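Report on one structure; see the data block that follows.
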Amino acid sequence: MKQFVSVHDLPDLGQALTEARAFKQNPLLAAQAGAGKRVGLIFFNPSLRTRLSTQIAARNLGMDSIVLNAGQEGWQMEFADGAVMNGQSVEHIIDAAGVMGQYFDILCVRTFPTLNDKVVDYGEQVISQFIRHSVVPVVSLESATLHPLQSFADTITISEQMPVGRKPKVVLTWAPHIKAIPHCVANSFAQWMNHWEAVDLTITHPEGYELDEQFTRGAHITHNQAEALEGADFVYVKNWSSYHQYGSILTDGNGWMLTEDSLRHAPEARIMHCLPVRREVELAGALLDSGRSLVQQQAGNRVWAAQTVFHNILKNIQA
Amino acid sequence: MKQFVSVHDLPDLGQALTEARAFKQNPLLAAQAGAGKRVGLIFFNPSLRTRLSTQIAARNLGMDSIVLNAGQEGWQMEFADGAVMNGQSVEHIIDAAGVMGQYFDILCVRTFPTLNDKVVDYGEQVISQFIRHSVVPVVSLESATLHPLQSFADTITISEQMPVGRKPKVVLTWAPHIKAIPHCVANSFAQWMNHWEAVDLTITHPEGYELDEQFTRGAHITHNQAEALEGADFVYVKNWSSYHQYGSILTDGNGWMLTEDSLRHAPEARIMHCLPVRREVELAGALLDSGRSLVQQQAGNRVWAAQTVFHNILKNIQA
Amino acid sequence: MKQFVSVHDLPDLGQALTEARAFKQNPLLAAQAGAGKRVGLIFFNPSLRTRLSTQIAARNLGMDSIVLNAGQEGWQMEFADGAVMNGQSVEHIIDAAGVMGQYFDILCVRTFPTLNDKVVDYGEQVISQFIRHSVVPVVSLESATLHPLQSFADTITISEQMPVGRKPKVVLTWAPHIKAIPHCVANSFAQWMNHWEAVDLTITHPEGYELDEQFTRGAHITHNQAEALEGADFVYVKNWSSYHQYGSILTDGNGWMLTEDSLRHAPEARIMHCLPVRREVELAGALLDSGRSLVQQQAGNRVWAAQTVFHNILKNIQA
């Protein structure tokens, strides 16, 4: 594996799930696989789970890791080709990525979308430039449009709770929020579920919140949340802003917050969320604190997702 | 030891002092005690000594440590039970502490008081929530009302300089400052000295600066600084804001700054301060730079205090 | 070697270059030289290359390293002797450096000039206070007036590309910028080139941008950039503010940006810059992306410069 920015970089999802569960059983299964290797974690944005779980994953493989809070600790970066740099940005990604590629064997990058320039965001300008100019393997710690380590952890979590003898019904439901939120977790979850084939995916959201079809194609899509939730096995709760009216908030989402009552026709439903979650806005706190919740398992599985990804990249580096 | 948030968590202070001095003699005395264990250091507030000394203590025991500057690097947290999270805070402590408890074997937390909500502060809302929701052992790196690692280091420092054949006179004296300062160092020092029984504690401060009696009970308390300092062996200098007029500054403290002249009837007195100290406001710089000062020893002993605490917690984890 | 704040701290530059190239060949040549030692990296200012390369250098020698973002993570510091600390600064360097000297075997410090107080800056107040009060060896990660690790890396880079049988012509050329920039990279490069004796140094800049003579003495200095560049082997591009009209910008520097055309009489010239560089302001992006550019090699050599410096300091500590 030469990079990890979407599900398509994984050679075989089934095998990756098996490997992730093996690391969960025994975190030090490949404790020397990364010996003498160094991973750089570059954060343009805040992070808790990603920041911690990827450091832990690296060290479980014997890799050294160094965190750089770009912006706060480093220099403000320019991403536009040919820019005349007479403004705020101090260093061009061409130069910075080249340097970081010399210093590290693997580069991990966290970057958020602008939410006002669809072409820049959906062109994945930042992570693409890191890939182009650093030369070394790049791992997405969440990019403008996707969050593959989260989706991998989500897939591990579902795989641990599969019903016997049938495909589970997985529902991705839009939830209210107080501000405009990126599409990446929703895009990425849809992409992974559609790719996986072990589940049936339904997506529900208010009108106007249609996601980019390249990720949702194959899913059942409805504006009727009650219908979507009926008989659900897994309910992934997430807000996102509009894709077509790019980055806009179209409704206050009254009635879309998930509660125990929303699940009256889904007795088996388990609740998922990538965290951080706004309690009593996106989701009732009581649901999060109930036996239905898988959010802590998802967060825990972030370590094994990252460790599996690093392990596959290391195999490629050493080959 | 299952947690460390006050002197009462130490099973035996005398034995802890012995162990701390042993680590000071030989920092690598138990270099493998924490092998394969991981400590998370969560900072909600600035820190120099605590930040550095706890990382060093962890590594001296073979533990891996990861620092998280919560707020700057992570997400703003909500601590109120049942909060409707439609404001600034992005993640609830219930969710965050659960995740961090999965990632770490020991969690260390630094958090300051509000100084305007006595109930929240003296209820130790933040650190209590970490204890409740993380499941793993929690170590206070200074909480709203106490600073036990500092007080442990202070106690080690005094124990290294004990007069022969008599109980030393230890004085905690209020000092001027330019802003409202938490009570935690003063509360905690009083608590430890009263608990220790090897010393006699006198506390002196202007009227209105009485500390919470649960910590000071047993000490001699006076508003007359000159009387308090007479014959002192150890003088701990510290500002704090009012406890009863919660968080207020009641006086500019003219005359309370400690100088060489203040100690004319205390020829043996050694000076202590937790640092950072405002020179020429709390304390004359000349005193800090004189042979009377123990402040550098206190700071150095922070490492052995933390190492002893971690070591006792590790014994409990492994048992 | 007891400290590293300028070229004069190196016992023998030729030998240091040999050692640096040996580390470049085999980074783990002295993988145990720093075992059990700890280096503290104190940053008062942003940094990318320095931050990363010194951590890597320390670990290549088996040393533990801890980063402190002073100011952001710690307390605002006071550097003035005898200051009455009733303002913004919370901790005096006397106290902080004493503590950090206890915690670390080597202290590395990054600090920028004020650019408005020449006496403070050229007195190197900050790094001098660290040296005076910490007791342990201090390494400059860029100080108010010099950047010796950068210059060491620059010297390594030139030594790898030396023409056969003659001294190369090295040109340091002033370049435009949008704000007032420190002198340290220019001062330091001039100091190292003049000290080295293996090259001939020419410095070119607009009138009024004369650097401090203590660093430039021995170089050929001209206001005519075209004349300076003629036949150049190495062209170091860098902006700096005025030294004599301290910290001022005297010209917009029209015509001073380096382009391919500037080098029409220097067919062999290689381009150098310390990075970060403002493309299309200091230097044409096309030059940076061409085969003329050595900027990535310079950045890569930062690791071996730092590793050589640490290694020489460790020899002294252990002796």
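The letters A, B and C name the chains in turn, as written, and every chain counts its residues from 1.
One rule holds for everything that comes next: contacts are C-beta pairs under 8 Å (C-beta built on N, C-alpha and C of every residue); 3 or more make two chains touch, one makes a residue touch a chain.
Bear in mind that the values here come from a model prediction, so they are computed numbers and not experimental data.
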Contact-graph distance - origin chain B, target chain C: 1
Interface numbering overlap (same over half, different under half) for chain A and chain C: different
Chain A on chain B, rotation in degrees - Cα superposition, rounded to nearest 5: 120
Mean-CA-position distance for chain C and chain A (Å): 39
Chain C: positions in contact with at least two other chains: 72
Residues of chain C that touch chain B when the two form their complex: 36, 38, 40, 64, 66, 68, 70, 72-75, 78, 82-87, 90-92, 94-96, 98-100, 102-103
Parts of chain A lying in touch with chain B, wherever the complex brings them together: 28, 43, 46-49, 51-53, 55-56, 59, 69, 72, 178, 275-281, 285, 288-289, 295-296, 299-300, 303
